[in-house]
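Per-chain numbering from 1; labels A, B, C and D assigned in written order.
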Amino acid sequence: MNRRQFFKLCAAGAATSAISALGLMSEKAYAAVREFKLIGAKETRNNCPYCSVGCGLLMYSQGSGGKNSEHAIFHIEGDADHPVNRGALCSKGAGLVDYVNSPHRLQYPEYRAPGSNKWERISWHDAFKRIARLMKDDRDANLIEKNADGVTVNRWLTTGMMTSSGMANESGLATQKFARALGLVAIDTIARN
Amino acid sequence: MATQDIIQRSGTSQATPPAQARVGGVKQIAKLFDATKCNGCKACQVACSEWNDLREEVGSFQGTYQNPASLSPECWTLMKYNEIEDQGKLRWQFTHSACMHCADPACLKACSTSGAIVQHANGTVDFDSDKCIGCGYCASACPFDIPKISAVDNKAYKCTMCSDRLAVGLEPSCVKSCTTGALRFGTREDMLFSAEKRVNELKERGFAKAGLYNPEGVGGTGMLMILHDVTQPETYEMPKDPQIPLSVTLWQDWVKPLGTVGLLATAAVACLHKITVGRNIVEEDQPGYQPPEDKAQAEEEAKK
Amino acid sequence: MTNHWIDIKNSNVVIIMGGNAAEAHPVGFGWVTEAMQHNNAKLIVVDPRFNRSASLADHYAPIRSGTDIAFLLGVIRYLISTNQVNFDYVKAYTNASYLVRDDFDFHDGLFSGFDEAKGEYNKESWFYQLDEDGYAKVDETLEHPRCVWNLLKQHVERYDFATVTNITGTPIADYQVVCDAIASTHTKDRVATFMYALGWTHHSKGAQNIRSMAMIQLLLGNIGQLGGGVNALRGHANVQGSTDMGLLAQSLPGYLKLPNDKEPTLAAHLAANTPKPLRPGQTNYWQNYPKFYVSLLKAFWGEHATPENEFGYQWLPKWDQMYDFGKHLDMMYRGKVNGCIVQGVNAINSMPNRNKNIKALSNLKYLVVLDNLSSETATFWQNEPGFNEVDTASIQTEVFRLPATVFAEEEGSIVNSGRWMQWHYKGANPPGEAMSDSEIVSGLLLELRRLYREEGGKLPEPIEAINWNYTDPHNPSSIELTKELNGYDVATKRQISSFAELKADGSTASACWIYAGSWTEAGNQMARRDNHDPSGKGITPGWAFAWPLNRRVLYNRASCDVNGKPWDEHRKIVEWKDGKWEGIDVPDFNAKLNPQESAHPFIMQAEGVGRFFALKLLKEGPFPEHYEPVESPIGTNPLHPNVVHSPVLRWFEGVKDTIGTKEEYPYACTTYSLTEHFNFWTTHCRLAAIAMPETFVEMNEQLAAEKGIKNGDWVKVSSKRGHILTKALVTKRMRPLQVNGQTVHTLGIPRHGSHNALTRKAYSCNVLTTEMGDANTGVPEYKAFLVNVEKAEV
Amino acid sequence: MSKHNKQEMLVRHKLFDRICHWFIVAVGLVTFLTGFSFFYPSFQWLGAIAGTPQLAKFIHPIAGLMMCLPLMLMLVRYYHHNKWEKHDLAWMLAIKDVMFENEEKIPPIGHYNPGQKVLFRAFVLTSITLTVTGFIMWQPYFAPYFSATVVGWAIVLHAISALIMLMFVMVHFWMATWVEGSITGMLYGKVSKAWCRKHHPLMLDEHSDVEKH
């Protein structure tokens, strides 16, 4: 760039600023439609957790998948490849992102002491310790090893477990093994209801 | 970046058409809402809000399944519910209420701002919110009562037909989500074809008045509707014969040109008058003016 | 579902009754619209409420809630009396021709063997006549007076149109239309499907509701067919999986049984649960029970399960009665329970008679809630005037609220209603410190194990023995767990590919035998994504994995006649061809078993056929019978006034006092889900809260006028158990029915009320409901109870 | 200089009215320019006087009110000058002579000539309709309370009224520039007796009446 061109450019710049200051700048080019918000987002396949149709989902989260980003899901839509829902989702499924990101999601273990009217945050370590203590005390006191006829029954009736029918099979197996190893019989799932 | 596929643009005349070089291969698209296949599940409504990142306030029960109570700047698609008795048989009728994407959009015609409302070559009518000034002309012009002005940012909002999805080759979010196939999406040609087929099917199934709602008054719509009884669209809360309102036509097609002529004529007459008649001055007030008696006196003195 | 979602498109008639697929399974319902459009199918909806399913029905018939059995037995009578029955199917594939013991009887609402004092039956007489080999006697001509066919005819004879409509309130004209539509599928080229869900199970005779329908399907020859079957639309995304996992009071994974007190040894348990064939040449698949059971024990106890210790059988707890959650809540209420772990269930709002449950939880020493959302169950001790009135200070329960992950934050498999095991992936980390359920139970188990190691205590062996040898025992990976579900060879750790490989000698382990084949040596079969449908019949064998053995239509052998030829060429699933069974689906039969040797398609039954006569399996009797809901708006049973409701109900102490009468509470009431919400989860979800912000009660215009209630008014709805305040939705969609000479008004209340969420504060409808329920399953009668309603000022 | 050149001056506009007038001119300019920018979208740049089109939209109704309210005040104050009088008809009939300055043929006229009285009436009517319709169409504050149809008609009426007002403004401006001395009259409040004699002869009588008071 020679000096002359430089001056020209400056002059042009000054003129443009002056014009724009007067509000006479030509309007911007037509804004294109809103940027497609999923470009580059990480896509993960999942299934809807609500009813038993088992619709396929595509979940989109920010971040490349690289180690330094914390993925947060910002959009969920139906998986068009899924042979049952073929992309469709009902009103519940279409709003799943607000379930994942609900302001009422629990974040930390909490404890409510007898008679107390408030929650206290506790660590997982303390939670496991305290719960296991309560369970063991109850089990040791109340496990029925033999029934009146002398048959080994090894059942623990004073603690029960109501299990979810929303969790995956794998958690279900862990729960089943956990519960039966302790001798729990009063196990139910919301499957009934 | 210009889309270069805009066929109508608010606030411009035919003398200054928008950039539309890239319309050659573009097909008109349409969304087909088949009320006879809808069960009012609201998937479309929620999918719309989800995709477009809209969250209306949580309302309250108003004696109907319809929630929110109406379309709003944060609700661009709304299911409406009506209980109709037809020949002694109860029918629960649902309306997918959203922008109709008229071929001849009253909103665009009424818009006060260049390019704030555009019509793409594929037929969708889209609002450019950065340009929108919130005059609300579109809201009052729309025969379907669709655009809503936000009290927060004073801009008009409505269904964009998910123009951002269309731009990358996807279908609108509502259509993708529809559980029963009551919403379909495709080229206008295909949609008209399948609508005709479906209407015939319905007639065979006993819906003698079934038909396609594609009102001519607005040049046809980008959302086509199959109704059980097309003779009574009011029962779906749809206008019977939607038109560009007379007020808009009168205003844009008559008042504007006549007004312009009037203004120019006034100015012209004024100029002409000025040129022909000239100044209208009070001579006495002019500098160097001598009243006649002074003048006569002066002349007399000169004679002396 | 014996069939699967896509298969609904093959139906000719779809009957939605005891469910509301359009609202509760909207995307599944999409396949109904598909059948209507592309298969010219008729949709019939029978429901107390004109619901969103009804909005698209060809015909809607109203019914009084709790009278489905009368309705369905009337259909059976109509089919038999008009000869609209698939006789070839009935004769070959059902127990119609089987002879029943002479001492079986039914009289005035009771079957033979009723013990009035105990409130239950001695079921001895509810069985076949056996010959000297132990096989059931049959009369192929169906003429023997004691054959099931004639007993059935006799049983349903009372259910003529006038009787049925007098009980159900369904107008006769509507009933006729429904009967004709169903009957139209008795031909071999037409098939019907019934879509049902909690609308049938939530009754004091839920199991019999479903049986009645299954009997119709057998009469019409619709089971095992494309577009037919018995299709329970499961509720939650993984109810099927949770049931498969045996998370029930008397179950173990794979529909194996938790032992009871009468089975002191493994041998006794296996003997009691391994059926003997009731007819010659039966597949009788449950004869493999010992293989499945021992493999399960191997998976449970690992190296600690040896033949010497009965593979750890004694470490399993045994039951003496059913401890379902209803029973356990009652025990809690009586102070007999100290602890409860509630995992992802909003028990307080979901279980009936909420006021009692609050007291029950207050009696606990400790309550552990695992949840991903803040639920009213974890906060039951918080006083909320009007909605949750408790004396916080006096509640001595220690409560733990542990944050759990949601579906999006973990990988694993869930099983849809069509038995498809689908694998999902993790998309993000959970918020804060939330953990998956398996990580939480691992943490508890390992801490308990540590305590037992340190301190000793009662029966530490199973806690020590339970096989928790995961790579990270604190957080077992889903892949390790799911491979364990599939099963493996103990010695080589090779994944098995079929449950046929399982053995009863301890050389194989499988935590859920029906899942065998889901993760084989070839890898994860549940993650397969080939959606190709080569037959065009909706069978996508390359998509995910359907248990058992990737079979998409159960009992598909029944789609062929006894000779192995399809009843209908257009509905061919499998056929006997060139010396083997083959087709578009995995044959549900021994692939080499010649039709001449065996033609009994219901291979899980000891007699290989479908049962019109249910033997001793259900508590109410081998045939369904109409009984009124526990709270009946007519207060009598027009068929037998001496036996108004089911005679074998489980009555907890004091519950009789919580049952209202029609004099005090004159209106029938039912509860249900709306499309916009999923139980109490979506009340925490903004988009759902916007779409349906508040609950209400639906009522008909006539009742509203009588009570001076206008649309949108506040009303008070009360039952014997409590009351709620809500707003009225006055609608034509509810209508008064004429029943037994009186007008019955039904109210309908969505069940999504919550006082602690993003929706408007609302009462739970379960303040009103009764804990009385089905005698077999314990499922409460949420769908039929009595209330009063009046206008309220708020 | 001759003593005759020292013209006797008369007060035609009081200070308050002059302030009002020029205030109206100023905000009216803003109002009309912004209004023009909506009426002729291609001339959106006219609205740039407000900064951005959005600001133009925001300011227009406020400026409009600021224009109309003092205008109405002025109209009230000038009402007594604008009553229709008997001799006004003769003047109207001689409008051609007025325009072509055939002075001898123009009937004498008072403080305001009938043309100005018509203008006065036009301003009264248009400022009322502009205000009322302006409120009805004012987004997002008032328009939501009216039906779309009412708002639609309000928009048309608003445009028509604005056009009429603008034409009268043009006439007003044209006359003011043509009839020299008018502008200085409005600027400084005073006009010469000669000017009055020429344009509003009867005003001299009125004025002496005033002085008599």
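Throughout what follows, a residue touches a chain if its C-beta (ideal position, glycine included) is under 8 Å from a C-beta of that chain, and two chains touch if they have at least 3 such contacts.
What you see is a predicted model; the values in this text were computed from it and never measured.
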A-C or B-D - the one linked by more C-beta pairs in contact: A-C
Innermost chain, where centres are averages of C-alpha coordinates: A
Centroid-based (C-alpha) most distant chain relative to chain C: D
Chain centre separation (chain B, chain D; CA means) in Å: 36
Centre-of-Cα separation between chain C and chain A, whole angstrom: 28
Distance from chain B to chain A - Cα centre to Cα centre, in angstrom: 40
Chain centre separation (chain B, chain C; CA means) in Å: 52
Multi-chain contact residues (two or more partners), chain A: 27, 76, 88-95, 97-98
Chain D: positions in contact with at least two other chains: 44
Multi-partner residues of chain C (at least 2 other chains): 26-27, 30, 675-676, 686-688, 691, 758
Chain B residues touching chain D - in the complex, by the definition given at the top: 10-13, 16, 110-114, 131, 133-137, 139-142, 145, 149-151, 154, 245, 247-248, 250-251, 255-256, 259, 262-263, 266-267, 270, 273-274, 277, 279-285, 289-291, 293-294
Touching residues (chain side chain B, partner chain C) in the complex: 36-43, 45-46, 49-50, 55-65, 67-68, 75, 83, 85, 90-92, 94, 179-182, 201
Touching residues (chain side chain A, partner chain B) in the complex: 27-37, 39, 75-78, 80, 87-95, 97-98
Chain C partner contacts - residues on chain A that touch it in the complex: 42, 44-57, 59, 61, 70-73, 76, 81-85, 88-100, 102-117, 119, 124, 127-136, 138-140, 142-143, 145, 147, 149, 151-178, 180-193
Contact set on chain C toward chain B in their complex: 22-23, 26-27, 29-30, 33-34, 37, 50, 52-56, 60, 674-676, 686-696, 711-712, 727-733, 758-760
